Amino acid sequence: MFAHNKRLQYTVRVSEPNPGLANLMLEQFGGPQGELAAAMRYFTQAVSEDDPGRKDMLFDIATEELSHLEIIGHIVAMLNKGAKGELAEAADSAAEMYRKINGPGNDSHLTQILYGAGTPLINSAGVPWTAAYIDTIGEPSADLRSNIAAEARAKIVYERLIACTDDAGVKEALGFLMTREIAHQKSFEKALYSINPNFPPGKLPGDPRFANTYFNMSQGQGEMRGSWNQGENWDYVSDREQQMAVDGGSGEAEVKLPARDIDLLKTMAQRTMSDPAADPPTGAELGMKNK
Amino acid sequence: MFAHNKRLQYTVRVSEPNPGLANLMLEQFGGPQGELAAAMRYFTQAVSEDDPGRKDMLFDIATEELSHLEIIGHIVAMLNKGAKGELAEAADSAAEMYRKINGPGNDSHLTQILYGAGTPLINSAGVPWTAAYIDTIGEPSADLRSNIAAEARAKIVYERLIACTDDAGVKEALGFLMTREIAHQKSFEKALYSINPNFPPGKLPGDPRFANTYFNMSQGQGEMRGSWNQGENWDYVSDREQQMAVDGGSGEAEVKLPARDIDLLKTMAQRTMSDPAADPPTGAELGMKNK
Amino acid sequence: MFAHNKRLQYTVRVSEPNPGLANLMLEQFGGPQGELAAAMRYFTQAVSEDDPGRKDMLFDIATEELSHLEIIGHIVAMLNKGAKGELAEAADSAAEMYRKINGPGNDSHLTQILYGAGTPLINSAGVPWTAAYIDTIGEPSADLRSNIAAEARAKIVYERLIACTDDAGVKEALGFLMTREIAHQKSFEKALYSINPNFPPGKLPGDPRFANTYFNMSQGQGEMRGSWNQGENWDYVSDREQQMAVDGGSGEAEVKLPARDIDLLKTMAQRTMSDPAADPPTGAELGMKNK
Amino acid sequence: MFAHNKRLQYTVRVSEPNPGLANLMLEQFGGPQGELAAAMRYFTQAVSEDDPGRKDMLFDIATEELSHLEIIGHIVAMLNKGAKGELAEAADSAAEMYRKINGPGNDSHLTQILYGAGTPLINSAGVPWTAAYIDTIGEPSADLRSNIAAEARAKIVYERLIACTDDAGVKEALGFLMTREIAHQKSFEKALYSINPNFPPGKLPGDPRFANTYFNMSQGQGEMRGSWNQGENWDYVSDREQQMAVDGGSGEAEVKLPARDIDLLKTMAQRTMSDPAADPPTGAELGMKNK
Amino acid sequence: MFAHNKRLQYTVRVSEPNPGLANLMLEQFGGPQGELAAAMRYFTQAVSEDDPGRKDMLFDIATEELSHLEIIGHIVAMLNKGAKGELAEAADSAAEMYRKINGPGNDSHLTQILYGAGTPLINSAGVPWTAAYIDTIGEPSADLRSNIAAEARAKIVYERLIACTDDAGVKEALGFLMTREIAHQKSFEKALYSINPNFPPGKLPGDPRFANTYFNMSQGQGEMRGSWNQGENWDYVSDREQQMAVDGGSGEAEVKLPARDIDLLKTMAQRTMSDPAADPPTGAELGMKNK
Amino acid sequence: MFAHNKRLQYTVRVSEPNPGLANLMLEQFGGPQGELAAAMRYFTQAVSEDDPGRKDMLFDIATEELSHLEIIGHIVAMLNKGAKGELAEAADSAAEMYRKINGPGNDSHLTQILYGAGTPLINSAGVPWTAAYIDTIGEPSADLRSNIAAEARAKIVYERLIACTDDAGVKEALGFLMTREIAHQKSFEKALYSINPNFPPGKLPGDPRFANTYFNMSQGQGEMRGSWNQGENWDYVSDREQQMAVDGGSGEAEVKLPARDIDLLKTMAQRTMSDPAADPPTGAELGMKNK
């Protein structure tokens, strides 16, 4: 069960209202790398997890991410607080209002007109949050890697947001949130490497014929070798012929069909053939000038 | 520039048509962990990459994933080939047709009615592919981790698909595709660890006050300790008071507002107050029986 | 700040695994009327709310909805628990596995193949949760009405789920969750009617010329009158002429354009005119048989 | 059947072109609270409704909302009319064109480049309209409440748009549209309260043990009492212990599994355990500087 | 302005309820090729159209498509009518109810549980309708071609639905709807070819160096020639070298950067280089068995 | 199989960085009319195509479109290249950074903060690419028309982008891409008209009673006649009575229901009736001032 205390995990002190900056901050509220994505990613994993250590850790971190969602949400709310009153009380002239929501440095027309200077679960471009952002598949050797990557991404977006504001209180709170992503990544790394083995992920081994091959698919000036495609662990294949039909077969796709299906497909083929022997007049030709 | 050869990278031999199985296979064609997601993930990273080694690798693997998209697409096409002719030629009675697309073991009504037994970019539930599945953010120490995780996930989904079919040719091609995810993961791991340092990701260091703290946010029976939250590297905080306002402040959110905004907010507050001193009759009460 | 305790708000006792039933339950986990929608609806309102009474209430109820999300999530997890192990260990033959995820009474291929028998934030058809489900606009006389409606909808979906299962423990937990929607609706009703006045919502009065008019736009057999369109408060307009251009104007749309724009539009009109005097041969005619 | 007359329900007189303002107006054309959402909400309810009074009313109002969609669409078209010709005829220099679609006060690059200064079904941020905005569930005691809330929201968004423009003709037409939302809300209220009883919505009664409880889930400074959680109708529960496992059970989730599933889960648990006794080196540690 | 008459454009006579068939019919209600897409496609074009002939035609056809939406909606409603009462009154045992919504031949759990056996704007897989289905760009020589194609697609989906039902009344109404798509296509063809010229679409001519070239990008067994790539109008290019850098340049991408940017990019390159000279241990290697 | 060469199909020479222009260019990278949509449209058709001529052509053009995706992607990358370094190295002051991403002429905050000045698969408003943009249905007489229309649309969007930039290298590359759409349209036209007959699309003939009727659904001032609704091929119906129930029936919808369903529907109707004889007080009335 969740319980809530009105004190935030980190104090939010904003020096002045700024709806344009609020809009940027939405990236970590309702954006793909934001705190709702983090909280829901770990919460849903926690619910389905059977390993007691991971389950406990996932609930710990999910709960903290919810508390971070609350922090970033309050940053947005504080930055929007002035605009909210001005809008609700229609305090400005129409020209002033129009300028405020469309002017340079202030892309906030959506957050104001549609969302009332609130805290909607959208990213900074207005795209609603979607669970398509969550890539959990229910296998720990994959999901923990996904979590590690997610923490790395969130850390970077915070880094970029920090670079966009001089507001000391906002910077400080963002710095806290950024740092916690680092700590969480460390926990997930420990949990991953405590599974032994964890690579390859899952249960089925790879086919040894193809597990160490590197296909040099992109050729021409600019090719490089490095530990990712050279060394004793790699079989490097550049010959185009050897990249195709690597099973040694025809490289074609086939299916064994019942006779009736074959007949039907022939009928369909006949009916819908683009006749290579024809050179018909076309609609485009009808539509040309001086046709 | 891309070039295409009609031979597949791996021969596809399907033993009999099965639109229900085709539907499952769509998961790796147009699903979140599928080959289009992989190809586009690496292709878009390649286009923007400035490091020559990674750029080359990303184009190599993106091109191979496109070739895998072609393989899994042909598996779907072969499994649907019989249904396609039957549908186009309306060869079955209505009752038989209805049964074929709705019957047990055959959730294919969408792929047949809407997509003509083709190869649409949807997952197995009919959800259209979206670029929201791609989590690239343009920083290699994050993106390579995302790639590693993506390969791990794709490997697992192939493992599950393999468990659902006895068709030897399908199993074999899926096994190839699964194995290649392992190989790609290895390449991305090498590329990541060839960045030195790569942790924490990005440029800004974490705040040392919070980088090694583990907040025990979920308490009660079932708590566990492990390397992810114990040991000399962790400061483990269970006390609820110490989890709040960790900056030592009030834990409240505040913003300095101009006087006019303060006045407007007061006006708004007065106008929209939910009066705690009132106990008004409500719509729900109007709607109750024997109210 | 959120805190978590591992005890659920309501004990979940499931009598036997059933992935098909788990799939239905997802409707209240990641569906539009489900608990995530409820929790996020109230949480985001709470963050931006300035009225202390509503803010407190919204955090109370948001936190409870999160705890409900946890309950319904555990129902899903328990119903899927058997399938999860069978899938992860590939314990069944391919034929059996295929039958289990596609068979009648068991539409679970998505939740198993893609999500590993976990608890994804999708509805029962596999559509990912989206914040487009949340209709908060940041004005209490509208948002509280939205909340009242949302609780009513959630109550009904629980009612329907209860009608689909004989599992006593599942029914009991669903009954608790359904009942809480009733209680929350009552709270939101009180909070709405404690705003005085709250109708019309917002600040601007309606135009008295049009506020009491009922336009009888759908005519023909089956028209009815009731308190929604008859009585002293309604001006009932059936005459089609009186329904059009009710401002007394031309009923046309016009804009005053600069001369240059008028010229450009004329040029465009000339260039792109579909000439009514022509009867050109068309592509369709080219494509007809025996054309 | 629908019929159309070329006269609008309300005359649209726009004083000058303004693609930036057109963009804002899209909020009520293709946005979540806009006229298409309203029209489709009531139209789809009308089609499935069996109660003759509601069916007639829903068709009346759906048809009017379609006519409102036409009005707001023409406002957008008039505001965009100048830009449309300039764009189609490429009348401006590239620098001027670039400035016009990106300049301050004019976020119209999407509507111009992609939509040709037309009337696309998007909101003001470019998000395409989705039926996920419609929350109809097919039960009148819920749907009518949803309709009441929807009208309240639409009223407010019109209020905000009115505050952003000095164009007298636009203001007047928006005022008409806003007022009609008030009238529609009144109709839906009458239809709701003409169902007796209508609370709780649906058929199943709530569980009396939980229907009058208010769980004080959010605690700490700022808690308030009001009619929504105090008075003789409420049982107010603040004790955290009494908030958990309110059924009197363990607060745990359990399922009775067949022996084979238990064995499989044990195997899986063993294979995928994050070993709490280990303290493995991790990828993050490999990636640290001076590791 | 729209007006509505309660008589349908075509009488709907359904011989028996069938929620599974209702679900299929949703494809033309809320699916991508369905009647809402058609109605909104033409309606939005009509609103922005300046050519009087096309504007009138577009309003005519948009209005008819709305009337078709009403017809297909009533087919769905009639097929669902029995289920609606059974569900609302909870008339069946839970086992029977579960079987009815999950059984073979009846994929209706979503339409029943979430939508109350109503008429939601989803396709047959439950995906909500989205304006992303509409491809209007505001240029008649493109939009009319889009309309022609849309009519062709809708015609085919009706053809497939007709093949799935023996219900005489449903077949007859579907036949009407299908036929009207043919008629509409003919109108759009006439309107397109009445623009002179209409090819190439738009205003800018193509570059004559590239307008008649056919690049043979896909090579290997199975290549074919036809009027689409052979004849005097085509310059057929198979040589891979001649397919690249067709402008005669380097085939590389370059940008002239200020010196400061060049320096910054060098710094970034250095910091984030994947060192080709290294062969670092990786996380994957840490995770291997017997590492 | 796909192969890649590092030389582009067309050389990209950008004269100076411009993230705002980069953002516009995304329209043809990840937008609905862009190159990914084109490539995937033809690729998926190619995979499922059985006609050898079309299959070859579709693979040819799909492969070229992928190469165009690469070109437009590199235009975006070059325009963003300066910003990428500045962002990654946090080279600007916060005020400068904020201004750069929000200033007039530069709507790039999303592409920079979230995507790191990369090449995301979004349109110019930040909406992620979705396969809902692809309208393929698996029938060549429809799909080829869809392809023709898609090429026309893409041609126009390029035309508009060309009008927005003075950068000679960008203009030149866009001109190449635009021209290729013309060439592709010509190929698709030839392939369509080489199917004989291809109209009406598909197999079922239309019902001759309704195939030549034009319903004049939109009446009033502004009606026009042209070849799309007049001439010997059209039966023009303006009489509203003759537009309804064109089958000669009642124009009503009906279904034959089992007796039990009829009873249940009566029970439901009774329970949920909006009583036309009542005039109940409503929530809105409770909420009015001075009620």
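A, B, C, D, E and F are the chain letters, set down in written order, and residue numbers restart from 1 in every chain.
One rule holds for everything that comes next: a contact is a pair of C-beta atoms (placed from the backbone, for glycine too) under 8 Å apart; a residue touches a chain by one contact, two chains touch by 3 or more.
Remember, it's a predicted structure, so these values are computed and weren't measured experimentally.
Shared touching chains for subunit C and subunit F?
Shared contacts of subunit C and subunit F: A, B, D, E.
Show which chains lie in contact with subunit C and also with subunit E.
Neighbours common to subunit C and subunit E are A, B, D, F.
Which of the two pairs, B-C or A-C, is linked by more C-beta contacts?
Higher C-beta contact count between the two pairs: A-C.
Nearest whole angstrom, what separates the Cα centre of subunit A from the Cα centre of subunit B?
Subunit A and subunit B have C-alpha centres separated by 7 Å.
What whole-number Å value describes the gap between the mean CA coordinates of subunit B and subunit D?
So the centre of subunit B lies 24 Å away from the centre of subunit D.
Tell me, which residues of subunit F touch at least two other chains?
1-9, 32-33, 50, 53, 56, 59-60, 62-63, 67, 74, 77, 81, 84, 88-90, 104, 107, 114, 116, 122, 125-128, 130, 132, 137, 139, 141, 148, 156-157, 159, 185-186, 189-196, 199, 203-204, 217-218, 222-224, 226-228, 240, 243-244, 251, 265, 268, 271-272, 274-276, 278-286
Hey, how would you classify the chain contact layout here, line, ring, star, complete or other?
complete
For the complex, which residues does subunit F have touching subunit C?
Interface residues on the subunit F side: 141, 189, 192-193, 195-199, 224-228, 231, 274-280, 283-289, 291.
Using the touch definition from the top, list the residues of subunit E that touch subunit D in their complex.
The touching residues are 1-9, 30, 36, 40, 43-45, 47-48, 50, 56, 59-60, 62-63, 66-67, 69-70, 73-74, 76-77, 80-81, 84, 88-90, 114-122, 128-132, 134, 136-139, 203-204, 280-283, 286.
For subunit E, which residues are in contact with subunit B within the complex?
Going through subunit E, the ones touching subunit B are 20-21, 23-24, 27, 31-33, 104-107, 123-127, 156-157, 159-161, 163-166, 217-223, 240, 243-244, 251, 265, 268-269, 271-276, 278-285.
Considering the complex alone, what residue numbers of subunit B touch subunit A?
Interface residues on subunit B, with respect to subunit A: 5-17, 32-33, 52-53, 55-57, 59-64, 67, 74-75, 77-79, 81-82, 84-86, 88-89, 91, 130, 132-133, 135, 137, 139, 141-142, 145-146, 148-150, 152-153, 155-157, 159, 162, 172, 175-176, 178-180, 182-183, 185-188, 190-191, 194, 199-204, 206-207, 209-218, 222-224, 226-229, 233, 240, 243-247, 249-258, 260-261, 264-265, 267-268, 271-272.
If we count contacts the way the header does, which residues on subunit C are in touch with subunit B in the complex?
The touching residues are 1-7, 50-51, 53-54, 87, 90, 92-95, 97-99, 101-104, 107, 109-110, 112-114, 116, 125-128, 139-141, 148, 185-186, 189-196, 203.
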